[in-house]
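In this document, chain identifiers A, B, C, D, E and F correspond to the written order of the chains, with residue numbering beginning at 1 in each.
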Amino acid sequence: MLTGQDAPSSSRFGPRRIREESVMLRTINPSTGALPFQSLMVADLGDVNVNLYNLQDSCRLIQEAYQKIVAAGCVPLTLGGDHTITYPILQAMAKKHGPVGLLHVDAHMDTADKALGEKIYHGAPFRRCVEEKLLDCKRVVQIGIRGSSTTVDPYRYSRNQGFRVVLAEDCWLKSLVPLMAEVRQQMGGKPMYISFDIDGLDPAYAPGTGTPEIAGLTPSQALEIIRGCQGLNVVGCDLVEVSPPYDPFGNTALLAANLLFEMLCVLPKVRVV
Amino acid sequence: MLTGQDAPSSSRFGPRRIREESVMLRTINPSTGALPFQSLMVADLGDVNVNLYNLQDSCRLIQEAYQKIVAAGCVPLTLGGDHTITYPILQAMAKKHGPVGLLHVDAHMDTADKALGEKIYHGAPFRRCVEEKLLDCKRVVQIGIRGSSTTVDPYRYSRNQGFRVVLAEDCWLKSLVPLMAEVRQQMGGKPMYISFDIDGLDPAYAPGTGTPEIAGLTPSQALEIIRGCQGLNVVGCDLVEVSPPYDPFGNTALLAANLLFEMLCVLPKVRVV
Amino acid sequence: MLTGQDAPSSSRFGPRRIREESVMLRTINPSTGALPFQSLMVADLGDVNVNLYNLQDSCRLIQEAYQKIVAAGCVPLTLGGDHTITYPILQAMAKKHGPVGLLHVDAHMDTADKALGEKIYHGAPFRRCVEEKLLDCKRVVQIGIRGSSTTVDPYRYSRNQGFRVVLAEDCWLKSLVPLMAEVRQQMGGKPMYISFDIDGLDPAYAPGTGTPEIAGLTPSQALEIIRGCQGLNVVGCDLVEVSPPYDPFGNTALLAANLLFEMLCVLPKVRVV
Amino acid sequence: MLTGQDAPSSSRFGPRRIREESVMLRTINPSTGALPFQSLMVADLGDVNVNLYNLQDSCRLIQEAYQKIVAAGCVPLTLGGDHTITYPILQAMAKKHGPVGLLHVDAHMDTADKALGEKIYHGAPFRRCVEEKLLDCKRVVQIGIRGSSTTVDPYRYSRNQGFRVVLAEDCWLKSLVPLMAEVRQQMGGKPMYISFDIDGLDPAYAPGTGTPEIAGLTPSQALEIIRGCQGLNVVGCDLVEVSPPYDPFGNTALLAANLLFEMLCVLPKVRVV
Amino acid sequence: MLTGQDAPSSSRFGPRRIREESVMLRTINPSTGALPFQSLMVADLGDVNVNLYNLQDSCRLIQEAYQKIVAAGCVPLTLGGDHTITYPILQAMAKKHGPVGLLHVDAHMDTADKALGEKIYHGAPFRRCVEEKLLDCKRVVQIGIRGSSTTVDPYRYSRNQGFRVVLAEDCWLKSLVPLMAEVRQQMGGKPMYISFDIDGLDPAYAPGTGTPEIAGLTPSQALEIIRGCQGLNVVGCDLVEVSPPYDPFGNTALLAANLLFEMLCVLPKVRVV
Amino acid sequence: MLTGQDAPSSSRFGPRRIREESVMLRTINPSTGALPFQSLMVADLGDVNVNLYNLQDSCRLIQEAYQKIVAAGCVPLTLGGDHTITYPILQAMAKKHGPVGLLHVDAHMDTADKALGEKIYHGAPFRRCVEEKLLDCKRVVQIGIRGSSTTVDPYRYSRNQGFRVVLAEDCWLKSLVPLMAEVRQQMGGKPMYISFDIDGLDPAYAPGTGTPEIAGLTPSQALEIIRGCQGLNVVGCDLVEVSPPYDPFGNTALLAANLLFEMLCVLPKVRVV
């Protein structure tokens, strides 16, 4: 009763499960010395009311909600959910900050044009963002890309926009500290956003996702990426595509909760001991 | 990132898993003597190309596909998938047969009006069918209904249309053979359709579904219901809402495959030894 | 290794998981017509701070917390957790109400004397309650008892106190509506407490528990038991021994959440349409 | 019932897992009053050294081992494993006792002739037994048979031998106490053997098996069957086809361990309080 | 108990599950530029009819089937299944090509002599191949070997034949690109076969197998091995020992499907963009 | 390491499951040449009778048992279970050997002072050991420490005692052979103990534990650590915190069994070929 191969569907419960596993997190980060809860006001703003049966309408609702969040001076850390959500979030971001830099960790480019005739879906958010000039294309980095493909179009599109594309192959068995030194230079002091698709990691670490690809990043590389953003002007972050049905023991959600905690630890104004 | 409670999302892979488990099925039915493969031409027509990102468009595609199937003289047994699909299927059915009788097994009425402002979703297909006069309301039976509810509106709606509503409570610990004798009388010789939501069964038997409700029907009651349709003018059947991520060992899909085999065994023109 | 609330133990996470699954519950009960949320003030009081490393101290903390809850006029519905908790809860109950009647659903008597030299553990709570005169022994009913045993002592003890013991064997394939009519008479209008160990149910329905016993009650019988308490003077309820690690897909927790909802629906002052 | 360490095959690890779960069993049976460990010498004889790569040779090894066991006056309770094992066990049984009666609980007849050209496999053991006159055909009862079939031959064969065949359909929602009264008469005081394939039970209770069939027996019916053998001249029992990979939480193995304990409780010379 | 293809055994369902997960694969390989489906005729030839109850006979059937496949000019990629199958496949290969080179990835040598008195089993295929002169021993490489052992005999045997044995220890934390440069030289332009036992990988990546060994290869190393074969005269490949019961979410099968796709991408005549 | 049968707690069943998986281990270690079973008398001493309901009493029972074991000249390899057990074991060790060196692999310091007012729990064993002068603090090494924390106190405490603390971050992507060369020098020829908490490893390899922390050690690093102890005066070892409910397929237990085998292989007097 379906065609198409990889559209994630059960990621809708991701946020709930990440919250549940986040009780394992404590307040300080001995590795980096960050004291996020002593530095910032941190609150759980609850869920955005999306329309489960209409993607366009969901995008509208998300955009409206994030405009208010951003207007209030909040730096949102978003738990997903389908990667489509980054598109309306970046609409809200760009409205306040202008085109933003993007650090995008993912197994997939997410710069396809359409699927099944639709322009709004989880494989296309960053193409939509480019079309609406939400991104500062010279400051876009995509890390962890890999896997078979039906077309090379997304690869060409990303490179044609000037994105820096770091394939998973280029990360195998390597520390990403040197890469992040370059990324920090590239981002400079201007606003940038982190969008982290959990499928950027290898399925051994993050089996709970809808479109796993083999031979991905490791959690230590993920920590190097996020910790490498310390000092940057991070205006928002998301962690998406956690799919609880494929994660019955919650280790993918726990990993996601840890990565979100690490993002919190690199936000501007977080004190370090 | 969501509200709402129960919309199934991972049922999209249901048909694939049911097909996989159907290799356990053999060709004859010793309990009823039915010889379906010696009586009918049986074929797997493959999947309907749905639009994963647009429910309205999916309904259009399903309706068009089923009009061709029905026009060819086929009696379709459909594997689902989201229960929304029964609405466009019944559009195609009624186009050929006029308003049809309906035997609907489910934990839920599926006669709500809207959810999140949308009229096309898995809790409303039979209300849409009533509105479009696809059903012969005097010949609609709903079996297995139970569980908490946000409103009594679907209960009232079903009863106001004249549907026979058989609550799960009325089935506990009872053979359904007497009920089916009455249903056979009610259906008469006119065209009728069977729509079987796997969540009509108790979650102990069918855990692999998106909105399980406790204290449901048993597989033996499901067999009594389906075998009770022998001799009726069945013009189509579906088995929906199997959700493989919640069914890692495939027993829900195997159950579904068996129920579909039993539906096949009661189709008109199936010989019995 | 860690501090705080997250040290592992299998039934300790039961309440968290039941809360999580309770999002599937809606507000009204079409089967009984109960409107609990329109009749009562219902609130989640959060967790009692127990001492994970000291059972005696945990019992003290629970007793103190429940004395405050009961003193405030609250009728507590407790989510467990180890069945030991019913002992300090009943201490608080009896302090306010005097000896209470008890409806106890369980696979096990829980009236052993000691294990490994200890008097405080999950197999002995009701013996401790009898010793401290917390129970009105003529109004104690135990339903669902079964399984092999190391000694007949708990069986003798329960019967010697005058408890009514209903073995699982006496429930097989039977409606429990007649039994509950007798129980209602036995309880009369005086205060009574419901303690429901999820292992009273068959492991097919409730696999997520630490000491499953085969051939137990069904969910429909559980509903008959709880609904049979409508009109009684229920002063408190608990649902215990849900163990999430053995319930990766949450169906045991969902069952527990439903049973707690049904308990809520039979509390005094709940209106029925 | 196995040696060797690592050759994968699903039911081969059944005995190991049943032993593991048997720690949940205690020594007395409060339901029947049986005191098996105070009445008999009970020992775990370990595994028979089978040949994992050669079925014929395995049968030879099993037969030889059981001849010694039976010669020593032992009443063996065997944990399986593939149902093929019952054939060589019955060879040993009949050598000592002559043709034996058989109480066979199963979803399948197991009286097929051949599969893939082979006569020794798990669908044919009882046909081989008939051919070798190991069974007293007037005292053979098969309970729980159901499911689709490729041919009616096993049904005809069983009935032609005079076996009593009790379909699962004939057991639905019924106590089997009356059936067992008739079976006791049929068996009389002559030697009889119990062969219990765990797939006789519904997959909701026993998912951990290789060829599950829907709408099977319940554990309470299984207990009625086994307890109904009290007083008969039981000379051996087996419980087969537990497949641990499909039973990750061990509930099928726990069920099997309980059924074996109940078989132990009905052996001749077990005292009852 | 049943006939046909569905008698339980854990790795036997590997091919079915790999096929199922292969729907996640797309047509081109952006990492290597390979366009296999635009270069070759690729077809699924279905299953070889094996004899589930007789290993010798299965070997005969496999050999006969592969002789036809090879005679037709096909380069077979085989999905397994028990590693025993490589023995009859290599019989067919050698019949056409003479003794072939072998790239063997595995945790185990698979050059034992016998187990339980049998020469045909999954620990011995390559010893049988040597005895029948199917291998060009100077061009045999075994990668990933590790784990405890009952005897050093397989280690000695492999080395005595002149095999290059690369222990897992020698691969830890290393790129295998340099190793594969040497292997390419060793293989030269003569026919060679790839036999990939999924247990060569670490169980974190490939838990779904029957004899996992800790501290194995990573998927990125597996890709380096396979991609390192580009330009060689590959005449056949297999990927064996995927065991679905230990892989309920299919990630092992998905990994296997990816590795098979990568094998397809290095076959002779595959164009690269 | 346990008695009692049914009180649920997640790591309590660790030893049982490790034993079960240890059937996959064979007798020799081809990687290191160790022949442990030909060099030493190796026996399974069974479980220590602990008190499931009283931690203090359990510690007393463990201490008494280990004093006897050590007095008999035994070098105990202990399977856990909760890490608290290392405290009474080291009491017994120090009584015989005086303060011992410690190689401690863990994600957590386990040198906290109290939790919930209690001094005996799994986060504090090594602080208790220091207070009782059971450790030779100059010869204590902790490897794998990481994760968020509620306080820096354990970090300070460990460093103030002179422990060498090797964070997980310092191990990422590195061979630990050089570190172990230094550790060997530090330990010298004096008695030392190995305490290995399975959560020192990354959850991808060892999901079956109660407090997983991301970005941990790999199994190959664990082997480097243990094999690096060859030649040291190892007087005892433990492997703790395996939690079977989170390890349904046993791969964590299998990993633990392998690590224990490797510990056995480095004990004094083990011959190497």
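By definition in this document, contacts are C-beta pairs under 8 Å (C-beta built on N, C-alpha and C of every residue); 3 or more make two chains touch, one makes a residue touch a chain.
Here the structure is a predicted model, which is why all the values come from computation and not from measurement.
Under the contact definition stated at the top, the chains bordering both subunit B and subunit D are C, E.
Relative to subunit D, the most remote chain by averaged C-alpha coordinates is A. Comparing contact pairs by residue number, the interface of D-E is reproduced by C-F among A-C, B-D or C-F, since over half of the pairs coincide.
For the self-contact between subunit B and subunit C, the two sides draw on mostly distinct residue numbers; the shared fraction is below half.
In this entry, subunit C maps onto subunit E through a rotation of 180 degrees when their C-alpha atoms are superposed, rounded to the nearest 5. Centre to centre, using the average C-alpha position, subunit A and subunit B are separated by 39 Å. The centroid of the Cα atoms in subunit A and the matching centroid in subunit E are 37 Å apart.
Mean C-alpha positions place subunit A and subunit D at a centre distance of 55 Å.
Contact of a single residue of subunit C with at least two other chains is seen at positions 4, 6, 23, 173, 202, 204, 211, 245-246, 248-249. Taken chain by chain, the contacts fit none of the simple shapes, being neither an open path, a ring, a star, nor a full set of pairwise contacts. Applying the touch criterion to all chain pairs gives A-B, A-C, A-E, A-F, B-C, B-D, B-E, C-D, C-F, D-E, D-F, E-F. Residues of subunit E touching subunit F in their complex: 146-152, 155, 167-169, 172-173, 202-204, 207, 211-215, 246.
Across the interface of their complex, subunit A is touched by residues 1-4, 7, 9-10, 12-15, 47-55, 57, 78-81, 85, 115-118, 120-121, 243, 245-246, 248 of subunit B. Per the touch definition, subunit D reaches subunit F in the complex via residues 5-6, 16, 20, 23-24, 26, 245, 248-249.
Taken together, the subunit A residues at the contact with subunit F in this complex read 24-31, 173-175, 202, 204-205, 218-220, 222-223, 249, 251, 254-255, 258, 261, 273.
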